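The structures considered in this document are given below.
The same chain A turns up in both complexes below, where it pairs with chain B and then with chain C.
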Partner chain A sequence: MIEITSTLITVVLIYGFTESIILALISEGFSLIFGVAKVIDVAYGAWYMLMGYIIYVLSVKLLNLSVYLSTLIGAAALFLIGIGYYYGVNRRMREAPLDFLLASFLLALMLQSFIRWMFTDFSWSIPMHIGGSTSLFGVSVFNQQTLAVVTSFALLVMLWWLIYRSKLGMAIRAVAQDPMASLLMGVKPDSIMAYAIGLSVMLSGIAGALVSPVEHITPFMGWDVLTYAFAIVVLGGLGDFRGALLASFIIGYVEVAVLNFVSPLLAGAASMIAVVLVLWFRPQGIFGRSREV
Partner chain B sequence: MAIIYYLTKRKIRLIGALVLIFDWLLPQAIHAEYLMYLLTIMNTYAVLAISWDFLFGYLGLLSLGHSFFMGVAGYSAALMALNYGIPPIAAIFLGPLVAIVITLAVGLPSLRLRGHFFALLTFLLILVAAKITDATPWLGGHDGLFGIPFLSSDMVIKRLLEFNMSFVLLVFALAVTLAIVKSRYGLMLQAIREDEVAARAAGIDVTKYKMYGLIVSAYVAGLSGSFIVFLSGVVNPTIYGLDNASYPLIMSFLIGRGTIFGPVIGAYLIKGIEESLRIEILLKARLFIYATIVFLIFYFYRGGLIDVARQISESMKKRGGSRP
Partner chain C sequence: MSRKTISTTVIITIIVVVVVVVAAAVYAITAMQAPPTVPSPTPPPTASPSPSPTASPSPSPTPPPKPAKELVIGLSLPLAHPSGDHALKAAKMAAEEINNAGGIRLEDGVYKIKLVVEDTEEMNPSIPTEKGVEAFKRLIEVDGAKIILGGVRTDIVVAQSQLLSSYKIVFIDIESNNPWVEMKVAQDYPHYKYYFHLFANGSVFKPYMVLFPMALRSFSKTHPEYPNMSRMAILAENALWTVKIVGRPVGNSSYVKALQTKFGFDIPYMDLYPTTEADFSSYLAKAKAAGVGQILFLFSGAPGVAFVKQWQDYDWSPYKKPIVWGPGLLGGFSWFWDQTTGKAQSSIWWPASIRLPKDWPIQKTAEFYDRFKAKYHDTPNTAAYDIYDGMYILKIALEKAGTWNADKLVKALEQTDYEGVIGPIKFTRFHGLEFAEPKIYWYFGQWQNGKLVDVWSAGNPKVVYNLVMP
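Now for the complex of A and B:
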């Protein structure tokens, strides 16, 4: 056991917050694809990882583009990949969700092993968007992390507005409820689902772009993201915006607390134990209701 | 092309049986060390693939983390042999029992939920199991456990003994799964796979039979795990890795799911080519190559190579029929 001091508690409070808000962004994207298309995207972490490598290739390895530009290119590319992913894979397997799950697993496996083959297991680092660090209540925080918190918060607000206040969001919610009925109301379920999945893939990538400069990029980093996203949506109830938000803060703080107070090796295990407990006692999630989207 | 036509689902049992007989006879006739080792590895992975195919092909439960059963059984068998002096052959059969207990504790609640929860939960289990094993000193941590006794200390008979053991395990796995599939329980399991609600309406206790199926699959998969530990003499967290998790899936989907013998042939093909050729690109990018091939087959023909063969032969028949 590590001795608990007041600095350590501040560290946990601050880093827990940065971790949680990133997790919220990740899990909202994950729950979007589930809410609209009623499938689980096992490749969700692979997009996160892919973004790290897109930035690595564009900004470090081949061209010397600025990180902002390569992030934008990467986000746009991932949005298009997501739309292609819907038309190519998801729509083909719409009537069999388990087939889609399997296909997305194989796709994630392909992506991961391809990147492992091309770039080896070595953990490369990619440049930060903003360098330097600031002292916050005596704890040093990278400016990159501050940027990640601010951007995630802005994106979460925008996502909430998009889904619950805009016309496109109304269409998304309508398709999530009943694709056939929404077709009768003049909404094209195909394009709405394609947008939603493109958005979900892009959010995963943006989260990757915000976090990976602080850490390193490895071919395996996507799987942890999938673990967290799954743990959060199970805890919060699938397709529940507020539930997922609350659950991200629970998981985020638990993770950072375990990391600092128990052992860095056990990060990820705690949230998994939480998932198993929830599945045993409250399979419907903490709020006990599953809302649309 | 006529050969492809004969590769349909029914004929695959016959081919499987012939492969099996050939597999047993070959090492008895030719005492080549490497050949025996190769066949041992192929048999071990065939056992793993059978257990996966039983779970998915007959119960509709998709497991993305089949290496979990392998790893838990492997570690338990290794600990039994190292700390309690249980002879390896007994430990091979006892280790998977621990896998059953842990699987039930963790996996039981997800059986009540929809199919994809089970799939994702199994996948996350292996990630977490590897992490917990990494952090636990009495499991050897990151380096794993060493000095696990071999089946026999006599190097001369060791290889043949290992081969025969792997063959026994393969026959055991085939016998158990085929017996269940052919019995009336097999019918119930297939009913659950086809339509869970209808099966429940017909008076089948869905959760109970899923649990039984899970127990059988966990035990058989565990056998391959506890055996491979005594084969190599070491066990470390890589046993939970993606390689072992995706191999049974890839092997089953290559030939055709829900056939029991299909995965055996798939395992023989994949492990046979991989271990005997040892080409540079196959070692570096094997998972990419396998995943791509299986993804493409799955994308265009859901039923694997059997489905490909059937559709080709059907279209050939049609073309032949239209000719005057």
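Now for the complex of A and C:
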């Protein structure tokens, strides 16, 4: 039986917070693509993985660039890839979300196979933006994780501002509600959706750039990310910004608490059980709107 | 700007990005495949395959030689993992040498070895047993393999071993750790006799896992700058090979109980982690709170890379940073240093075969090491040593049996007495590796500035040497 001490509680509080805020960053991009395009992007985790390998090639294997510069280049490349993804795949299947789901799944597998072919299955490392760790209330926190938390927080605030306080956000919300009506109001749904998907792909990549340096990169790392993003978005209410944020904290804290108080082997399952339980009582998710038939 | 113009611009941009990415990828591949510029410290020996006994020096015209018969040997390996990659390279090396030396002489003539390989993907964190079984069946049914070598992860080897008696095929397991199938050989010989284990099993290794931490503890008593190594944490991956070592629930094994009661170790923290784990913050926090001086970390795949990086960067104050050691298959491979971007510094792993100790007695080992390095520009890992020897003991047994008939071949393999590159090779009654004499597995190695330096040997088990502080 694990003894619950004040140190352990502090560990759960601190690591739970870092885990949750990073999950929030991961899930908001996924939520965005669902909210605007009403599709599930199964390749979402693949963008996260791809960013790790872009940094690996630019900073370790090929050009020895600063990891900050590689991150910026990778984020820009992923934004462009996201726009291409919209015009090349999503727009062609706008009326067939199931086709898009399968196409994005295929794309994720293709990307994974490409990475395996180039870099094998071995796990590789990318440099940390900031090495070492700092003690916080007696608990050691990696400086890279602190950077991830601060950056995630800033990006989430910016995303909130973009969606709820800017003209572009208003256009995104308008397209999400009714593309035809927004077109009549002078908004170009194609451009708005392309921006939103570019942003979503880029956010997934930035999350990868912030988290991977402290862990490792493998061709398979995207699937876990997709699972979490999907669970969080469903739990929070599909496409809802506040819901995804709250759900990230629920899953993050449940997982870290079970890992520390019960068993690491049950942590992943516990967070998914939490999702099932919440959905049992509130099938539309925490902030989802129920629909009358 | 019209909508059409925007789309065209975007499409052109995307094409440019794709071209740049593909060009970078091609360049990356080329860069990765290029041999390193650092020359081998020892010149490669001249290739000296024995002349073929059938080659005739006579200048007189002879009828065109009959095409050589082929003996198909199957390799069941995780090809995208260092163990599978090196095993394949070493198997090719051995096959080439054997073929150049005339091949394998059986009752009905001389055969050249033809290698066929299937990817088991067994080091994938999801442990896809079904892929291992599929690969094994494909080797036999599609590729026509008459004998199979391979196996890295115990979970997959156990599943594959269920097929041996149905197909009546010999399987030489080169790298899995758990003696589970050896026990089955003991319990049900007729069904499992086709299995031979050419790697140190967990039972053999257990004494080392007692003697080594004891040597560390003794060392720390006379070196106060090191952490107190009588306090220990155990972290093990949740895979079949760790069941006998640390038990389920963790701690419920004879090994752990002996460490605590018989050998006086204080083990305030033990845990299992999933094979997909990448964030060890919580585990490290618990180890720190427990004030341990050494962490026994059992791993075989990707989590080892993440753990070592995080252990290295963790703030251990006010305690001293604990020593990390363990049986970590990947830890003793040459790429581990690069995989961890040098954060593996001062971590200690078994088996440590990438740099032979100075007093290593077997010349053959060094020769193989040099040949492999010259050919592949990399230092061989344990899988390479094992499969290389596996190919040769197979050749000898096949020639003794005169056939690849599994029942006859088993009898011949049971009589193996061969000095290989890993050391002297004999099999136990249960087809495990006899461990009475020195093997390359006798050593623990510590990463020191990019080199794996031996710090402990089973030949002198009470002391650690060459050790550096974490």
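By our rule, the second predicted complex is superposed on the first by the 281 of 293 C-alpha atoms of A that agree within 3 Å, B and C clash if a C-alpha of one lies under 4 Å from a C-alpha of the other, contacts with A are read in each partner's own complex, and residues count from 1 in each chain.
Keep in mind that, in the parts below, a residue touches a chain if its C-beta (ideal position, glycine included) is under 8 Å from a C-beta of that chain, and two chains touch if they have at least 3 such contacts.
All values derive from a computational prediction rather than experimental measurement.
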| item | value |
| --- | --- |
| Which superposed partner A:I40 touches (first chain B, second chain C, both, neither) | first |
| Which of chain B and chain C A:D190 touches, first, second, both or neither | second |
| Partner chain(s) touched by A:D224 [first = chain B, second = chain C, both, neither] | both |
| First, second, both or neither for A:L265, with chain B first and chain C second | both |
| Which superposed partner A:W161 touches (first chain B, second chain C, both, neither) | neither |
| First (chain B), second (chain C), both or neither touched by A:P97 | first |
| Residue contacts with chain A in the superposition, chain B compared against chain C | C |
| Contacts of A:V214 with chain B and chain C, given as first, second, both or neither | second |
| Chain B versus chain C as contact partner of A:Y68, first or second or both or neither | neither |
| Which superposed partner A:V276 touches (first chain B, second chain C, both, neither) | first |
| Common ground on chain A, meaning residues reached by chain C in one complex and by chain B in the other | 116, 224, 263, 265, 268 |
| Of chain A, residues touching chain C in the complex | 5, 7-8, 11, 15, 18-19, 57, 60-62, 77, 80-81, 83-84, 87-88, 116, 118, 120-125, 127-128, 131-135, 139-142, 144-145, 188, 190-191, 194, 214-216, 218, 220-221, 224, 256, 259-260, 263-265, 268 |
| In the complex, chain B residues that touch chain A | 60, 62, 64, 106, 109-110, 112-113, 115-117, 119-121, 123-125, 127-128, 131-132, 134-135, 242, 246, 249, 284-288, 291-292, 294-295, 298-299, 302 |
| For the chain C and chain A complex, residues of the former touching the latter | 3, 6-7, 10-11, 13-14, 17-18, 21, 24-25, 27-29, 31-32, 78, 80-82, 85, 121, 123-126, 238, 271-274, 276-279, 281-286, 288-289, 301-302, 305-306, 309-310, 313-317, 335, 338-341, 343 |
| Chain A - residues contacting chain B, complex | 39-40, 42, 89, 92, 97-99, 101-103, 105-107, 109-110, 112-114, 116-117, 223-224, 226-227, 230-231, 234, 263, 265-269, 272, 275-276, 279-280, 283 |
